[in-house]
Each structure stands twice: as C-alpha cells, then as structure tokens.
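Shared between the two complexes below is chain A, which pairs with chain B and chain C, respectively.
So, the complex of A and B:
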C-alpha cells in the first residue's frame, strides 16, 4: 500500500519525459539561434540563469514574474484536464484586474478592501469566462473561438475604461488611479518587491492538487475530459462540469490580474500583462496539467523571461528571444507525445 | 488422448517439413515471448506455423494470449523474444505498415473505422498513395473486391449508420482492398447475430477458396470446429497443441482450453413477482432521426429475466438508451414501480435503481486511462463511503476495488492500474462487477458476455441468476440466442422497433422465433 503510493506510475513517468524532452529541444534550437548570432550558447544560458537567480533581488523578481503565470496556469490546468480549451485567460485577467482595482479604490483602503478587491477581481475573471462557458454548454459553440475572441473585447474594454471613465486625473497616460496603499499586498521579504501574492500563488498549488485529486469535482473533470460518453453513462451532468471547470479557470485568471495590480503595479495600465494569459497555456501543457508540474513550468518560463532581459544588455540579444523560446516550447510540447511514441516504438526509449 | 496426426489426409498432404523456412507456411512464429510492463506474461515461447491457404483457429480463454500474439504479428506490439517468418523468410515487423507491406491485415475486436466517414472514404484513406484522391479508382477497387467476395455494401453509407455486422464486413473489405493475403480476425463473431454468423462463415470460405490465409481468434469451440482447417489451443500464453480440425471434438478441445471445466449449471427458473419496469407505447428516434422504437410495450417483473431476442439494429440500442435516460423519448412512457422516469436525467434513473451493462464497453462502460478503482466507483463516487461532503476517500475506493477484483476474479496487476492494461474480457468483468454491486431494482444487460470466454460467461450468468433470486428484474438484450434461451424466464422478440412475439421457455418454438426475428410473420 505504502509502496504503491511511492512508485511513480508509468503515465507520470511518461509526462515527465515529455516535458524534459520539450525543454531540451527548445534549448537546443535556441542554441542554434545563438550560434548564428555569434553568441556562445552555454555562456548565454549561464547569463540567463544568473539573470534569473543571480542574487536575492533577481531571484525574488523571478518569483514575482512567476506569480501571475502560476495562478493563471493552475486554473487552465483544471479546464484543460476537462478537455476544455480556455484560450481567453488574458482577457479574463484584464477584466479581473480592472474590476478588482475599481473595488479597491471604491472601498477606499483597509483590510476589507484588500479582501474585497481580491474577491471582486477573481469574480470578474469568472464572469468573463461565464459567457463562453454558457455558449459552450447551452449552444455547443466551440470555446476555443469564443474565449479567444473575448480576449479582444476584454482588453479593449479595459483600455477604454482606463482612458475615459476610470482614468487617473493625475497623469497624462491612459491608466487608472492607484489603489489605496493599505490595499496593496504586503512585501514579505524586506528589501525586495516580493509580495504576499507569491505566497498566495504557491498556496494554490496544493489546493488545486487537492481539488483535482481528492474531490468528486476533480474526479468528474477527469472522466468528462477522458471519456464524455462514460460520464454521460455514469449519470454526470457534463454541462455543469464543463461550465464549472471553465469559469474556474476564469476565476484564477482574474485573481492573477488583481494580484499583479495589488502586488506590483498598483494601478491598471495597458501594459499590465505581457501575455501571461497565453504563457499560462504553454505552462499548463508543459506541466501536463499537474499542479506540481505547472509550478515548475511556470518557474521555468518566469526564469526565461527575466533571464533574457539580462541577456539583452550583456550579450546584445534582443528581448524577442523570450517569444522565440515560448513558441518553441509550445511546438515541442505538442510534438512530444508523437515523438515519445515514436522513440518507444523504435526501442530507443523504454517506459 | 492419442492423436494420430498422419491419419488426417490434410495433415499428410501439408505437414511435410515443419521448419520455419518452409515456404508452405504463410506465417511461422518461433519462440515468441511477450511480457507487459505491468508484469503480465502474455506469450511464452510460442512456436506456431500457419499454412498458406488454411483457416487456422487460435482457441483459448480470455487472457490466454491470443490477441497479444496477433498484435505482435500485425506490428502493433513488439515481442521481447522470438522470430517471425513470412513465407519462409525471417522478417522484422516494426509497425502495422510493415505488416501491411507483407500482406498481413487484422480486424480488431474493437473496430478501427472512422464513424463519420463513408465506406468509400474509409477505404480511400488506406489506399491513398498520392495527395490526390482518386475516388473513381477506389470505387472500382471496392466494386471488384465486393464482387469477388460476394459482399453487398453501399460505398456511400456512413459507418455510424451501419449495424455492427456490416461494419465488420467493411473492415474486411478494407483489408481486401489493400491486397492483404493473410487476414487475422479477432473474435469476429462476438458482435454478430446467428444469421450474420452464417453469412460470415460463407465469406470466410470464399476467402479461403480465393487463396487467402485466415487466422481466426476465438474462444468458441463450436465455431473453431465448424470453420477451421486446424486449431491451435493457447492457454496461459503457451501453445498447448495444434491439431487438424478433423481430429478434434468438443470434449478434446474443452480439456485443452481449460484445466478442469466447470460443470454445466442446471438453471432454475425464476419466480417472477410484481411488475417493476413498464414500457408503454414507447417511441424513440435513432441518431439519424428515424423512428427506431415504434410504440413498444414491455414489462419486467421483479425476480424475472426477460430476454430480448432480435437481429442487431431493430431498436434494441435505442430502447435501452431510452430507459436509461441516455436518449430522448419522443412519446410513450417508462415507469419504474409507480414512478414515471420518462426523459429523466440519467443520474436520477441510476439513483432510482436501474443498473446497465452497456454493449460498447470501451467507449461507454469505462474510462480507459483511469484506474480500476476509479472506474469501479463511476456510479457511486458521490455517495459514502467513496466520498464524504464531496471529498474522495481514496482508501475506500481501493478497498472496494480489491474486494470486487477478488469476488469477480478480475485479472489486474493492482487495484489502481489503468483499465487500458486489462484485457477485453477483464474490462467486461469490471463493468459487470460495478453494475451488479450497485444493488439496483432493475438490471439492463446488453450483450453481457460478448467476447467473454466460457468461464467468464458462466460466471456472469451465475451472477445474473443470483441477482434474479434476490428479486432484481433483468432485461437481457443479446444477439446470442443460446444465452437468451438459457437464462430467460420470458423471451420477447423485437423487430422493427416493436415486440412482435413472446415465448415462455417451456413452449419455445425456435423455428418460429427465427421467423419472427426476421420479420417474416
């Protein structure tokens, strides 16, 4: 019994191999790009690592970068497990950030406003996902299309809100007013910007794991994702499971947005997220929708993002390298399943 | 029991030189062994020759290693050890494409056609050698092969609209269009009705007379005796013996297949009580929107097994799905005791006490990628002890699995292993275990022993009878007439979505039953 729980199942082993393979291939192709640009790839990766984890400040910046990615991708892991492809986390994140900020400013500071802002932000993301979820469940409209298109609606709506009704009277830029300082998330490591949101994100890892592995909801998510016909036969309300898993991913996306505001940016700008909602997709897939895998994957992506800015000023590599690596990762993650199967058949890999 | 192989003229003529290099052998397997990652030994030192142009039956129980062996030949699995010779030459079969190049094709127990495609499209898919689709050529090929084999299949019809028997013919047609010389058929008759079996056998003979080699995997001795030239018996992954069919008989085969046969049970009839399930002038549409169940009336009493006999595709599937809440009822009513359950959600119907063993066990009955313990909890996950206030009790799930595994002798390496590691027969045992342990009022059993071996079928039958004596009403839908006749307290014949006749087992007229099944009355 004890032994059974300690041994890693074949499926888990396989997904670890797949993830490692994707990472190795990504680094390999990136190395070729470095070589073409007359940059020593090994040196570049060392600089990258130093840029991400070189000292306490850099490391905490990487953790800060990881926070919104981790929160978003934990939510996406749940919907992906249900085979519901929420591509709209970016829009849900912006709406959550906006509504949460309005709540924080409206209530005007204090511990209550802090909590209220987090809740309103999360619910905002949830509501933004609820539209596509309803369309999916009631009308059978493909959620990939609706969630993706709702990104543009959401982001432009927020742009308009910070340009007109909620524009800060103090600045010339289209941005919201700052939240009261008492509703900012506290710094937990003095001397750095490391804020409570990081702890929140990390605390969500075991919570989502519990949700997926130890609750009837998680069980139903798995059954619906793996075999909807068996779910129907087993008497599950498939629509309900799909709806909840999709709005749950919206909820966490919204939470990611408001956390980013309350921990780092303190106001909503057009540049609030450099695409965390999309990065979360890569991360969830790389982590095989497993909360622990997702945590490691989001740390990896955050390290690439932060490390590459060091690379930009030490080796003159443009920041675009981040997009390149993210894109490569996405491709290799998708390619890893057939690749592993091929290697197994040829007897190169034994799993 | 002394077998004198030389007394058989067939044997004398062909079994001259039993070395792998002999070109008389279409396939020769030498010392094939295969152990699965979960530790199951599927094949052990299998040496076996299949002569060109013969029909060779591989007979054995579930888990005897028949399917694994065929999968090795067709390149789906790699043997750990051993050699394969085709036409006397050693070959390496790395994947199904290699097998297909060597002229080997397999029809799996679970079909591999694309349901949304037409027959022509499915065949075009495997024939495609260039990016341009030459449908005319495909049509010509289909027409030529169909004519040779006497197959009547409309290339325009969609696979999902065809009954299972026809789908199987399409599978075979597809192989023949690829100029396959050696056909391997895995339990081909398990999905067929008696009438379909006859025409299927005729087609096998056609295949044989046109020079094809046929390997037939089966657990039915009667079929092996009826259709094959030689029979190889597998047990526990080993070859027990290969004998010419002319020297075999049921008693001999039975003693080879199982050590210690179960005595045939003497079944007592049930003592039916009050009506618990009542179907009143039910109308249900099929997937294409046509009326499939057409004003059907039916009752099931407690402690009674009602057998539904009929040719596949006469509304059985739609009837079952309507009762279980999986398909919309157009008109009429389904009543459980006095409660109307027409068009109620499946969950409600399950909770009211209707258990259901589905025919399509892979797609409906289980989640292949999930564990045995999780699958066994599929219908009771929301109830204690499996979960309390929405939190799963994993230990209860495992305990439940352990007890059902031993009670129903399911072969699984451990209670948490993925269901995909189980053999087809053991998956069925798992489903039966789950549905029988539910404690319902009514059990709907749809082809409950299709693909199961003698022992497992017998065990399922015993359980059904046991359940009946506990007062459960059982609706048995089966295309296996022997099964229906053996178990039923009342036999209803379904044709064209209606019950067209009813028999009590005492005064059963098989002749008339068959006529009713064909709609001849």
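So, the complex of A and C:
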C-alpha cells in the first residue's frame, strides 16, 4: 500500500509563500495610500480587522459577505485551472439571481420552491456561460472577450426586467418583487443574519476539492490547462473539457446570485452584487485555484470589504479602497511568481 | 416614415461615438501585430479618461487634459509591457490585472478627490470643429466635416497606420515579431524595444480614446464611463482582421449600433418609450457578440499573439 504523505508538497509551499507575499505587498502599498491621506496605516488596519471580526454580529456579516465570493470563485478556480478565463461571472450571477427569483415567486413558496429556485438560478448561470463556451469550443473565439460582453448584455437585461416586466408594484425604485418568505434560506445563528447559504458555500469547498483532485474530470481539467498537447496526444476531448469547466463556473456563479437573493436580499436589485464576479477572479488566483486556498482568500477579501465600511466612517477613507486593494492584489499575485523565482536565485528564499 | 434629417443626424452620431472605438482599436491593432494581446486596453482607456478629466479640471485647460490623458494611457500600457515583456507573464491575465487595478485606482481617487465620488462637470469641452468650406456641403458637411478633432484624428490615423504597418521597415519588423519573436530576434530585431514602441503607440491612442470620453463627449468622469468599449475595441480588431481599414469598418458598425440604440425613439417614434429605450442599451454588446460569431470564425491572427516567449525555460 502506498503511504500518503502528510507533509506539504513543495508546490503547495511555494503557492502559500506567493499568496502571503502578494498580501504583504498589497498591505504595504495600501499603507502608503493611507499615509498620503494622513491616516495611520496600523490604526487603519486595526479598525478594518475590528470592522470585520469585532463581535459575533460583525463576524457573521463577514461570513455572509464571503458566501457569494466563495461560491463564485470556487467555480472560477475550476475554469482557471483549465486556463479558461471566465470573466463573465458577474453577468452569470445576475442572470442566475433573476431566473431563480422568478422561479421562487412563480412556484409561490414552500420547500419545493426553495429547491427549484436554487436549481433554476444555478442553471441560469450555466446557460449564460454556455454561449461563450460554445463560441470558444466551436469557433475558437477568445472567451475573455465574449464572457465580458455577456456581462453587459446580462446586467442590462436584468435591469430592464426589474424595471418593467418583473418590477415590484409596491416599491419606488426598480426592483423585483420579494420572494415568498418560505423560500428564503433559514437563519442558522439566531440573532444574526447568518443563513444556510454560508453552510452551502462551505460545503462546496470539499466538493470542488474532490471534483478537482479525485475525479477523472478534475484530472482532465488539469492536463488541458497545463499541457494541452499532452491532452491531445492522450486522446482527450479537449473541447468537451473546456466547455464543461466554463459552464461549471457559470453554474456556481448563478448559484451565488440566487443564494444572495434567498439568504440576504430577498429580491433582485440593481445593486445585488458590488462586483462579486470580478472579486472572484482575484480570489481564485490568490487561492491558486485550490479550493482551500480559495476559501481562505474569499474570507480575506470579505474581511477587507466589510472592514472598509468601518474605515469609511471612522477615518474617512472612501469605500473605493476595496477596489484599489483588489487591483493591487491582482498585480502582486501575478508578479509574485517571478519575484519568488528571483528570491530563490538570490538564495534569500529556500523552497 | 423615417426623416431624412434624422438619418443625417444618425450618420453624424455614428462617427462621433465610433471615434473612441476607432482610436482604441487602431492602438490594439498595432500591439497585436507585435504579438501582444493587450486586454488591458480597457484599463488604459479608463486611466486616460480619468487623467484627462483630472488634468482638464485641476489645470483648467482642456489641452493639459489632453496631454495627461495621453500620459495616463502610456503609463498603463507600459505597465502591461513590464508584466508581459520583462517578466514574461501571461498576457491575458496581465491585461485583466491591469483592468482591475485601473478601475480600483480611478474609483478610489475619484472618491478621495470629490465628495460623494461624483465628479463635477467641466466648464468647457472639445466640441465640433467645422472644417471651413467643406462643412457647408450638403449632408457630408454635417456628417463628416462638423466633427470633433478626435474624429478627424481617428480617420486620418487609419491610412497612416496602414502605411506604417505594411510599407515601412518598422511595420515589417513588428509583424515578424508578431509571427515569431524568437526567430525575429535571431534575425537581429530588438524584440523588447519594438514591443515597447508598439505599446507606446497603443498607449497614446488608448489614452486619447479614453480622454475624449471625458473632455469631449460626456464632460465629466464616472468610474463606469468606459463601459465595455475596451473589449468591444478588441473584438473590432479581430473582426477587422488586424488591419486598420478593418478597424475602421468595425468601429463604424459598432458606432452605428450605439448611435441607433441612443436614437431609436427619434427615428422610429412608434418604438419610443422608456421600456424599449432601456432594453436597447444592451444592443451594442449583443451586436458585438453576433458579429464575432459571424465574422470571427476560423480567423487567425499573428501567430505569436497571446503567447509567452518563455525565455526563462
């Protein structure tokens, strides 16, 4: 019998170092930005941490914030592993949320409606990703362009749907009607808003891990992503693998959208997602497309998001700091690979 | 009954809204001919729009706005250069990183500089510059010769860039890098220098394309001002087969769609109404996707497009 090694492999160690390095560099540059704004960076980060985890309520709000980010980025991790760059998760999320909401309202409450809404939402996201996936596989059109364009089609479509055909009759702003209360996800921690969706997101972590590490599909995804030539010689149907990994990321994006509706917002609004689909890209890369890494990274990004709202009213740092930190994080995650290589050559780092 | 006047207006508007797409897609054409798929074009346009607005607003001069838009565009494409040329990182991911960084930077600093994060309006803007005599021609005068300087610049750039790419030794060297950078460097071509030169050109054009949105078209800055124009421009490059004339044709197609979606109620009064108008906002993106399906199948770009050189291996 082969003994499983419990030690961390060299590759894993390397990606942990890379992720930590990118976080440290991002915090360093953010500190400079704080200093420019006459704000003590250490104090700012303490406030941020308190804003994210200060008490049970704040901590559960951070978990709630993590939920859509985690679900989206788990899906993206699968497609990124296949080197398929789905940047259309934002649109897939909105379409999933909209269709799932329509299903919940249409069926009219009850456990069936709850389940149906989740399924319809996820399938909606899948279908929205299927167009770009077909264009990629059948016509060879770059999925980055098509998935991004589909965001605009999808979000404008949802905007229109909540402004006209599915508009709630009893609110002033354009938004859909509320889903029946019996199709909302139950609160699992009394006194907070922590809902079943959080558990669902966390349960997806081992599932996606299993999918990637223990199934033939996961193996194919890795081979197609790392060595398409080998995949071709090995007789793999590359197109099929690409198609499935892209629509799978759409499926989870749609699920993230409907979970956000059923757990926290209860209706579709134009402000449903502050860019979770884009945050998911950074999270998947920071977590090195590894479900456990992705879970930690989405908690980190959720903490920054919630912590920054505390910063906004304590230190007058605008909320845009989240977007700035995301952008920096993205650049540093990318640059960390050559940086680690450089440090290794210099003998500073031994991995 | 479609009014003739409405049609001339539509044609003029087509050129006006095509201008940012044309400038951006011309820049991207140059970069892609050198083998660089720069999806950070979107980010370069955003930085150009931002720095153009800030220059014009704080210096009180549109010309300073214009110059700072160009500088903003150049800095963004040069950052892309550092990532893909010097560090040899994946082009697609580097472009995406730049887009996210650009939207983070512009969003943050807009909120720092203006309370509520809403930019004020500029007092003046680069308006139409009628060309003497020619602007008095019937129809053509209004459509072609009463436009902003950005439109003229875009139109004039098309033949110039065509000549640059196809008839000069610079263009020949750049295109050979685009086909195979390794062989090109064996032939004594300085790949790094040439690629930076291409990115410099793209930076200028992308900066102008973004800058015109704030200092000539919308008169204000909004972090969402670029919408998907950068990605539409990348689609135009594909549809235009990496040729400046193709970029012109593609830009006009999308300019027409956008102009139509803005004016649908004027041209077809029976179709007017808030509901339809809002739905038509998605038309340009849908047309871009359909055009890619129809015109993007089996198209081959420069052979090294999007590939890493892999010097490290």
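FYI, the second predicted complex is superposed on the first by the 347 of 351 C-alpha atoms of A that agree within 3 Å, B and C clash if a C-alpha of one lies under 4 Å from a C-alpha of the other, contacts with A are read in each partner's own complex, and residues count from 1 in each chain.
Rule of thumb we're sticking to: a contact is a pair of C-beta atoms (placed from the backbone, for glycine too) under 8 Å apart; a residue touches a chain by one contact, two chains touch by 3 or more.
The shown structure was predicted, so the numbers you read here are calculated from the model rather than taken from an experiment.
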item: Three-chain arrangement built on chain A, chain B and chain C clash or fit; value: clash
item: Contacts of A:139 with chain B and chain C, given as first, second, both or neither; value: second
item: First (chain B), second (chain C), both or neither touched by A:148; value: second
item: Touching partner for A:285 - first (chain B), second (chain C), both, neither; value: second
item: Chain B or chain C, by number of chain A residues touched; value: C
item: Which superposed partner A:226 touches (first chain B, second chain C, both, neither); value: first
item: Chain B versus chain C as contact partner of A:319, first or second or both or neither; value: second
item: Which superposed partner A:160 touches (first chain B, second chain C, both, neither); value: second
item: Chain B versus chain C as contact partner of A:214, first or second or both or neither; value: first
item: Clash with chain C, by chain B stretch, listed 114-122, 204-212, 258-266 or 366-374; value: 114-122
item: Shared chain A surface residues [contacts with chain B and with chain C]; value: none
item: Touching residues on chain B, where the partner in the complex is chain A; value: 37, 78, 94-95, 324-326, 345-351, 356, 358, 363-370, 374, 377-379, 381-382, 387, 390-392, 394, 398, 414, 416, 418
item: Touch list for chain C against partner chain A, complex; value: 37, 39, 83, 87-90, 92-98, 100-105, 107-112, 117, 227-228, 231-232, 234-235, 238, 275, 278-279, 281-282, 285-286, 288-289, 292-293, 296-298, 312
item: Residues of chain A that touch chain C when the two form their complex; value: 33, 37, 85, 87, 131, 135, 139-142, 144-146, 148-153, 156-157, 159-160, 163-164, 278, 281-282, 285, 318-328, 330-331, 333-335, 337-338, 341
item: Chain A residues touching chain B - in the complex, by the definition given at the top; value: 1, 4, 10-11, 213-220, 222-223, 226-227, 229-230, 232-237, 345-347, 351
